[in-house]
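Order as written gives the chain letters A, B, C, D and E; numbering starts at 1 within each chain.
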Amino acid sequence: MGMIGQHLLNGLMQGTIYGLVAMGFTIFFGVMNVIKFSHGDVLTLGAFGGLVAVWAANALGLSVPLQFIVALCVAMALTAVVGAGISHFLIMPLRNAPPLNMLLMTMMVGTAIREAIRLFFPNGTNPQRFPELLPAGGFNIGPSFFRTDAIILIIAGAASIGAVYWIINHSKFGLAMRAVAEDTETARVMGINFGRIIPLTFALGSITAGFAGMIYALYYSEINYSMGLLLAVIGFTAAIVGGLGNIWGAIIGGYLFAGLQTFVVAAMPSMSDYKNVFAFVLIIVLITWRPTGLLAERGSERV
Amino acid sequence: MTSLSSDVLLESRGLTVRFGGLFALNELNIDVRNGEVLGLIGPNGSGKTTFLNVISGVYSASAGKILLGDIDITREKAHNISSCGLSRTFQRSRLCLSLSVFDNIALGAQRTLNNGLWHNIVQRKSFAAEAQKIADEARELLHVFNPALPDKLFDPAISLGMIDRRRVEICRALIGKPKLVLLDEPSAGMTHDETDQVVDEILGIRKSLGGLTIIIVEHEMGLIERVTDRCVVLNYGKKICEGKFRDVAADPVVREAYLGQA
Amino acid sequence: MTPTSRTLVRVPVWPLFVAVAFAAVALTALVLIENQKLLGAALAITAAVCFCAARFGGVAAMEVAASENPWLLRGLITVASLAVIFVLRDDNFGLLMLATVLIYATICLGLTVQMGYAGLTNFAAAAFAGTGGYTAAMLGRQGGLPDALVLVCGGLVAVFIGSLLILPVLRTRGHYGALTTMAFGVMFNVFLDANDFFGGPQGLKLPGINLFGWDFTNDIHIFGLVLSSYVNYVILTGILTALAMIFVGLLDRSWVGVWFDVVRLDETAASVFGLKIAYWKVLAFTIGNFLAGLMGAVYAKMTGFIAPANFTFGDSLVMVSIVILGGIGNRWGVLPAALIVVLLPEKLQFIQEYRLIFYAVLVIAILTMRPDGLVARRVRKLHTETSA
Amino acid sequence: MSGHLTVENIFTAYDRADVLSGISIDVQPGKITCILGSNGAGKSTLIRSILRLTPPRAGSIAFEGKTLDQMATHEIVGLGIACIPEGRRIFAKMTVEENLRVGAYLVNAEKTVKARLGKVYEVFPRLKERAKQLAGTMSGGEQAMVSIGRGMMTDPKLLIIDEPSLGLSPLFVQENFNIVRRLNETGVTVLLVEQNVNQTLAIAHYGYVLSQGKIIVQGDSEMLAKNEEVQSAYFGGAH
Amino acid sequence: AFAKDKVKIAFVGPLTGAISPHGIGGRNSAELAVKLMNAEPNTKYEYELVVLDDECKPNVGVQVVTKIASDRSIIAAIPHYCSATAIATVDIFNRFKMPMVVWAAVLPEITYAKKYPEVHRVSGILIGQNRIGAQFMKARGYKKFVSFADSTDYGKSMNKYFTQFTLENGNEILGSFSVPPDQQDLSAELTKIKELNPEVIYFGGLTPLGARLRTQMAKFGINAQLEGNSGIMGDAFVNAAGPELAEGTLTFFDSPPLSKMPGGKMFADAYKAAGYSEPPEAYGPFAYVATRLVMETIEKVGPDRAKVTADLGDVKDRPSIVGPVTFDDHGQNITPLTTSYVVQDGKWVVWEESEYVSGKRKLKNLP
């Protein structure tokens, strides 16, 4: 058990990624009432966009820190544009349809993005190596090895979560966003330009995906066209277990899920086959215990 | 003495409902007598709707007791309370808008219907007869409110205007032949004239059903004056006054807290 | 008193004949045609005809005729089905796909009861079908039990496994409910993968169906004709689908259907008027799971092989897609939707690795054009039957 | 004086049948203009047409001489029109204070927003008590207060009000009319839709009576109050 | 010349999904075989390749195989990369009496579970890879192993035979890990492995997971020797892990390199000339061989399923680009030559020719 520190750090890193993905889900259906199943694939797209940017920057002879900045910007800009485009062309026409239809739509959008990467990115089915842009190395505390890049990424992830929280809950844009989500018509009567707010909200949610994709790529140094699929399932789970009404719920859910997986492997390596069985059983128990998430949504509906 | 107690249909004792630190109802004692129309009035947020919610089982009481006849329904689930013969309307319309008017009204008669799978799936003849009976009753009720409504029996509820939706809600509350009906602001959004009409309709139906007990929440004093036998005035979850409308309306406390100078 | 006005005017029934005949021809064409250009043309014609029929009142005329003459409709469908089977009699693959479509459609009828009527999100339909399939496989190993019972057991075990989930399903709603079933679906898969008792990731083989001494793996010789052995499965699944269709239809047009709807739309109003929410949800959940388990068992026996990879979360999503694409809550919608979702990817084999993206784009296009699904749900009119 | 709104011969329909057929009104700056009419006469539809939530299919509308015919709702609101919509339409998942802040979406200075909040809280002390409560859990009348308060958060040239006193206690119904009058006295033009005919006519300067999508009578409020024909026509169209 | 009769044969493999590169490489190779055959002047028939995607899923496999098997105009098939799929479909081939030659799946059960005359396989079975691998590692003196496999049937079988042979050789397995093939984060497992401190990590799985394992091993500073199998054989692994990290990785694979094969150079050149944008991957040559074998048989006995089946059963020492093919009584090719490879400067090199043999470079943790 000398590796407890190491496991903690692993869990923290993994939880940060899960939490970021979960936060995207919370933005989409906590705030916009949309289940966006293409979220994971937008994340993948961000990572691949970042990869191309690094290649280009490298070819232009930019320094490593500059490559890093360019990649980050490209990933976020790409996902923002794609997110806004999806909302405008595909989500908006379905606004009056049963909410589940949105799910099918986004699922198919996700499939299309995923398949497009696989088919049209050179050698797209195979995993791609993502260059290391952050300082390598680290330090040992006892038997545990603390990677510098992991620590940087955890801090960056936490900071971005904080920033998004602020935008949603304390900025005027966030206010408008929530108003539009709840009642578009009345929001318009209050002078809110919903035609702009909705794409912007999707852009924001998608930027978190792009950001998560970059964190993923930088941490694992390897990306592949289907990496968003499982992340989306886990992110969705985390968001819901945590409670949809609130971004902190997503974060808690993310760390919880990461903790669960890590714990099973660390405590019972021979049972590693079953770790997802355990994780999901526990999830079912949790959701039964708190049917609207750990941080329960405040009831706003009354009779 | 016994005859007197059987005279009381519903009683609440020390009924308290809390939302966090807020006392929506505070140690409330209210008796509702058999066959009367009780008006429940009071300023906004004084707990009228909450009272209806807690006796119909939508909210649970934080403390106190509710008796319906001799049965303690304080901890009962809403569906069990309903089967004791209680039905209601809601302050905010709660029709299932995508369903037909008929489906909505049938819900009110649910406890009198045969819900068995065998009856519903296999014995289609007897099911059809039952459905026909409900349809006829629903048409009859709707006709009392608005002669044009029976023809819209199989239109979706969403196609009706606000007033007609309220009427359908009232029909839904009445079709199951309940003992006690709770009406929450039935006249909201109507003009004086329309309000008068609704009053007449309710009174008419009450007569035809015989012995129906009604609790009515309203801000329209004209309506209260005309239909109620007795009024209870709430403020901050407490009963501040009780009696005939005329007496209540003359009470300076009530005037100050609720009615204003008019 | 306004007595019910009975329609004395006879509605024309010919639109029914035309519609059923057209559906049969379109179906046969879709199954048979392999040539890509012809296939495209057939699809385009089908879409155009449906569009025109909807546009110029043909669909409405057909619906009226159908609701006035339910037995005629049933008869026509039976005749048309037999005709389709006759035409496809020795096309093994076509028949296999047809049976698969019917199996999916029936599972999705169960999902319609759960999701479309009672509003229970179920993202584990494939897992419940898998439960049925594995039940059939395990019972087959023991031997001795007649296959009719084995299939029913498939349904019952799915119901039993589902009942373990009752508590979370009852307590959660909406997205939270989606998570419960999703977690179960994923777990089901991982568990089977990890567990060698049920064959592990390699899966299990199982023999074909043998109903009352009739072996489904044999070709049928009748009137000097040889029918592919898969005709057995098409007939069996066809009968099961028809039964499920009738059952779900009757359910919808009864109080039970109304209560399901109310429970879905407004739990507060439902319980205030005396509906015991838990009972109705459990009922819907049970009906749906039984259908899934039953058809899962048939599917396993038909393909002769069952592995965890057949029942993944992705497959559950496919089933949900069928329900959505068909028009949620409309039982007729699942048939064309199952046809599109199950058959189309197979028909697109000729574009090889591009077929998934093409399929995704196609579904997106359909949804953009028909946001409510192929056949949107209608307002229930109980009186059509009460006055008949 | 600003806030001059003219509606010229508009026709509006939801599906097929026209709900409004050929309505023309003129809202004089600085005045309170009221619209009367029985249920379903088309009053709310008129307001929806002005804000282009349900754009009229013919006719034109102008505000201070500027035509609104090509504008989006939020642009129209940006010209200085505020609205308290029918049925309250509060944002249930937001707190009371957030609801009020959405009302002030077009106000940029935080100081102004604070000051207006203070003013609303003064009128409705109940809202101040419950500033952090989710608006959806408020009682019916309290929600009406939120809706009215939200309308008071901007400083509009024209305020459009659709049945604000629905569900308010008699005391607050009076208070509500007082608010409207006071706002008007500070120079805000008001277009008011109310069921409460007598009280409405007591504060309005001019009025129109709508029946089945047409204007049947118009005139200043004293004239309308006295006009028997109007009264009967108004009460007539219930069915 | 007069028009030749057309004969259809079918290729089945995963064309979509994570392992589609293998399927596509196989398809290209099979296509190439058909193209070359049709170009030969003296053939009796003109061949047409029907290509089907099994998505590596058993149920889809059953569907597509039913499709081709019941299409009488298709004479024979070259099916499957994935073992579970092949196991599910052999019964159908048998039922419809359609001869087939498996081109890539490696589980023994495909040929050995039942004795179907229709079923043949040119690729080796994974037992050989593991036996040779275990001997190789023992010869280098490694003692402590950790097994890391994916949770599919492939990974499980790999782990089974690895365990069997390693223990037979008297070596020690410190731990066995099994993860789903799509799991991204291996940190928990790797932390545990670091604690166990093995000399060798054995990997039983396919490239995506393998590359992930290699990359993340480095991040955790785990300096164990990586040993793999046919699943990571191919350029994709080296590209994804990067040449530095891939350096020194070992695999044991059932065929000599193209350059060593009898017709290897011809195949490589022709493949290049055909202009495919995807590489043939490790099993491309086998797909080529299987397709060629089927066509040669048809040339010999005519387009008749039964005759083709019978003739395939007698294949003995038939020359092919991967060496002579001999089917045993279960239709299994018993001649594949398991070869040891190591990554050197970003390329898979036959062990005996690498600088590792000469001692110029060293494997990790050599005792």
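Observations, loosely collected:
Just so we're on the same page, a contact is a pair of C-beta atoms (placed from the backbone, for glycine too) under 8 Å apart; a residue touches a chain by one contact, two chains touch by 3 or more.
Computed from a predicted structure; not experimentally measured.
Here the chain-to-chain distance from chain B to chain E, counted in touching steps, is 2.
The pair with more inter-chain C-beta contacts, choosing from A-C and A-B, is A-C. If you average the CA atoms of chain C and of chain E, the two centres end up 38 Å from each other. With centres defined as mean CA coordinates, chain D is found 51 Å away from chain C. With each centre defined as the average position of its C-alpha atoms, the distance from chain B to chain C rounds to 43 Å. Residue positions 115, 273, 276, 303 of chain A are each in touch with at least two other chains. The multi-chain contact residues of chain D, meaning those touching 2 or more other chains, are 137.
Residues of chain C in contact with at least two other chains: 190, 193-194, 268, 353, 356. If each chain is drawn as a node and touching chains are joined, the picture fits none of the line, ring, star or complete shapes. Pairs of chains meeting the touch criterion are A-B, A-C, A-D, A-E, B-C, B-D, C-E. Interface residues of chain C facing chain A in the complex, by the touch rule stated above, are 115, 121, 165, 167-168, 171-173, 175-176, 178-180, 182-184, 186-187, 190-191, 193-194, 268, 313, 317, 320-321, 324-325, 328, 353-354, 356-357, 359-361, 363-364, 367-368, 371-373.
Across the interface of their complex, chain E is touched by residues 91-93, 96-97, 100, 190, 193-194, 200-203, 205, 217, 228, 303-307, 309-310, 346, 349, 352-353, 355-356 of chain C. Residues of chain B that touch chain D in their complex: 19, 42-46, 49-50, 91-92, 146-148, 161-163, 185, 188-194, 197, 219, 221, 257-262. Note for the complex: chain A touches chain D at residues 172, 175-176, 178-179, 182-183, 185-195, 245, 298-302. Those residues of chain B that touch chain A in the shared complex are 49, 53, 58-59, 90-92, 94.
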